[in-house]
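Next, two complexes with chain A in common: one pairs it with chain B, the other with chain C.
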Partner chain A sequence: MRHLLNTLFVLTEDSYLTLEGENVVVLCESEVRARFPLHTLQAILYFGYKGASPALMGACASRGVTLSFLTSFGKFLAQACGKMQGNVLLRKQQYRLSDSEHDSCQIARHFIIGKVYNCRWILERATRDHAMRVDVARLKKNSLQMAEILSQLAPCSDLDTLRGLEGKAANFYFDVFDELILQNKEHFYFQNRSRRPPRDNVNALLSFAYTLLANDCAAALESVGLDSYVGFLHRDRPGRASLTLDLMEEFRGVYADRFVISLINNREILPKQFEQKENGAVWLNDEGRKAVLSAWQARKKATITHPFLNEKLPWGLVPYVQALLLSRYLRGDLDAYPPFFWK
Partner chain B sequence: MLVLITYDVNTQDAAGRKRLRQVAKQCVNYGQRVQNSVFECIVDAAQCKIVQHELEAIINKEKDSLRFYYLGNNYHTKVEHIGVKTSYDAEGVLIV
Partner chain C sequence: MGYSEDEFLLLSGLQHFAFCKRQWALIHIEQQWTENLHTVEGNFMHERAHDSSLTEFRDGILICRGIQVFSRELGITGACDVVEFHPSPDGVPIVGREGLWRPVPIEYKKGRPKEHDADALQLCAQAMCLEKMLVCTIPGGYLFYGETKRRQPVEFTPELRHTVTDMLNEMHMLYHRGYTPKVKPSKSCNACSLIETCLPKLCKNLSAVQYVNKHLKEEDL
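Presenting the complex of A and B:
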């Protein structure tokens, strides 16, 4: 099994990244702020505007380090890609399956089953762990309805019905999402999902977590040689990494949402770490972003047992393992794509 | 695992000073410089052999010496730092 390596976050806005030998060097006004050997890194996330030297981009591409550029608010801009990884036969098979609505649905269905199952478990877990503090009846009711959707998903064979069922399940889930927040209720509340821009603290956190997750998923897909832009559930649209969004579905709940909730409930993130803009948008400030990123890294190192492989591995490798399983299915080594079922 | 690499290169002549620069340059590729001729490197067993081999090719065994200390995976309790020039935790959160 592959090793989970470290991620370097560059938050200093006027820093410039260069290559020196085998090191990535962070320069601030031509002064060396820090240097890190590339072989200890898996990804570099750069939240600045000056950029990186072409030599570093080349080195990252050839060593499999994903170098991503984001705006200082965490919006994804670009990624430095080197030569395509993996083999062309796998990608062609991916395109072929993606062209056929029937075959796409076979895979898409499993992403959605994974998502609904995992989201349902989040609700069930909350009723078990915090029975005294949450509205158990309401959570149980919605969870039951999600279970019903789950049974309708299994025989589903066209994408539109699938999307409909997914939307229904998401409604039931987000309907009680606010119940899961137990601390600082006056600052952290959830009414509905708002994005572009997020309009409250919880939505700002969710959006940021989804960006980080998308970045990890895209890197995982590219590293096993799949094309992250050709999806099955999400159809092709220029500039949209559809397969990344597909793969993310099963992780949104267990990985990103639970991460956000535990940040709030453990008081790792505080109301003063947010900023409100004139247009009503809410963003994390520097301090908030640092808190979220450190917690994200810590979460990635926590170990779980993978339900399908029955093997202990760090959370951070789960998207990679799922990408690998997906490529096995596309190649025909597996009869179906096994989604990640969280318990 | 964490490997501590230390070296002593004889710098009495120009060739020695050249070797010193080369050894330092090679070490910095693999780890962080914690003191003047002391490097802490996070490497796996294979990478460790590679760096050993590369360094061995540079030094003059008559005049210089190299030492490798293997501190394993649970090295956090084995290292204590006092004084200036603090280092970073290569497996911790890296935020610049």
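Presenting the complex of A and C:
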């Protein structure tokens, strides 16, 4: 499998990135703070405001290193893109299928089947691993409801019904999400999802994890030559990376939510690593972001067996493999898009 | 007659195609390319062989590097690593030189002679281009292998020429359809730099529909 390379996270707000030979150099007040060879990097995530030199942007683009700019709170701003990768025939096929509600639903259905299946098993796992700590009856009840939705998803052939079922499944899942949190309950609790802005610690963590996941998914899609803005479940809306959102569906629970839960349960993230703003918004502070990012990197290196290909690979490559499988379906190598199933 | 320039394929694709039709399609149709050790080493070697400023005379032989060649009939374009022009009464005149010259194409390869004839096919296609461009007949050329440091003669037999033509026809057909063929996975997949883009397992007719159904079935409680 493709080699999993490192992501460089630049968190010092007033740092500036430049190119020196084959290295990316992090400058602070014109003083060199760090230097990394470009060929060891897969992506650079820059959280700050000073930016990077055009020479570095060009070098990243031509070597396939995704260079993303985010605000210091992790809101995505921009990405340095080079020549478009891959082949126009593949993208046109993507657009053709995306134009047809029927064809879109064939693919979208599998994204959602993957999502509901994986989320259901997150609940099932909790009843197995922590039977003494969680309300097993309640989790089992909701998991059963999700299984029921799965059986309705299989024959579903229109996008509106699909979205309705997905919404119902999400309600059952988030209804018991708080049960999964087992540590520091007075600081980490989940009532419902708040995004704009996140209004408690757990929502702040979820939002941040989804941003990181979105970045990984977008990079995966672009690297196999797909257009991350043209989706199947998520329809076209200017400025929205619809296909990225589509691909994220099957990973939200199993990749991002589980990551957040284990950060809390393993006490890798602490209440003092958050700060609350006047408007009620809650954000990770510098220390918190550092803790999350290093855990994210570590998680990406953990190995799993891919359920469809039956091959061992690091978690970090799973979005890439799924993007590749999607492109193979669009090309006609496969009879359907095989979602990533986790148990 | 023949193909328009727009339809020209890269001559170097012949050896990809001879190695694996799917590999060729991934590179030339899908525009996916991944370097590995073999390809990087190959590039270093060719940088020298292709330096077109290095035209020299040695022992009365004119040595040209990186000559661009093409053929409308075959619909290909590419470059020869080295073409030697030997002075010979049965040769052809060339622009800017006196006398008659017999062209002998030489292709440089990293590694050693291989069992399959991909290298010979590529060399033969180069010769067929040169024949059209110079209006002459080229009976043979050489393959030079980096590991053995020896050149090996290749005779451009009618059979070899037929194989070149047939392959190119098939390549043009696939390219026109934009189709990436499935190919039986083999040992040579392990040496291929595109293994992770190709996912050879997918050529074994894995059914994603069955895979999804299997997982949904477990859910019937």
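Observations on the structure shown:
Rule of thumb we're sticking to: the second predicted complex is superposed on the first by the 343 of 343 C-alpha atoms of A that agree within 3 Å, B and C clash if a C-alpha of one lies under 4 Å from a C-alpha of the other, contacts with A are read in each partner's own complex, and residues count from 1 in each chain.
By definition in this document, a contact is a pair of C-beta atoms (placed from the backbone, for glycine too) under 8 Å apart; a residue touches a chain by one contact, two chains touch by 3 or more.
As the structure is a computational prediction, the values presented were derived from the model and not from experiment.
In the superposition on chain A, A:53 contacts neither chain B nor chain C.
By the touch criterion defined above, A:36 lies against chain B but remains apart from chain C after alignment on the C-alpha atoms of chain A. Using the contact criterion defined above for the overlaid structures, shared-chain residue A:152 touches neither chain B nor chain C, since it reaches no partner.
When the two complexes are overlaid on their common chain A, residue A:18 makes contact with neither chain B nor chain C.
Which of chain B and chain C touches more residues of chain A: that partner is C.
The contact sets of chain A with chain B and with chain C never meet. Those residues of chain A that touch chain B in the complex are listed here as 3, 6-12, 15, 21-23, 26, 33-37, 39-41, 290, 293-294, 297-298.
Contact residues on chain B toward chain A in their complex (touch as defined above): 25, 28-32, 41-44, 47, 88, 90-96. Residue ranges on chain A touching chain C, taken from their complex, read 1-2, 85-87, 89-90, 110, 113, 117, 120, 144, 147, 150-151, 154, 224-225, 307-311, 324-325, 328-329, 331-339, 341.
Here chain C touches chain A in the complex through residues 29-32, 34, 178-180, 182, 196-197, 199, 201-203, 206-209, 211-213, 215-216, 219-221, going by the rule given at the top.
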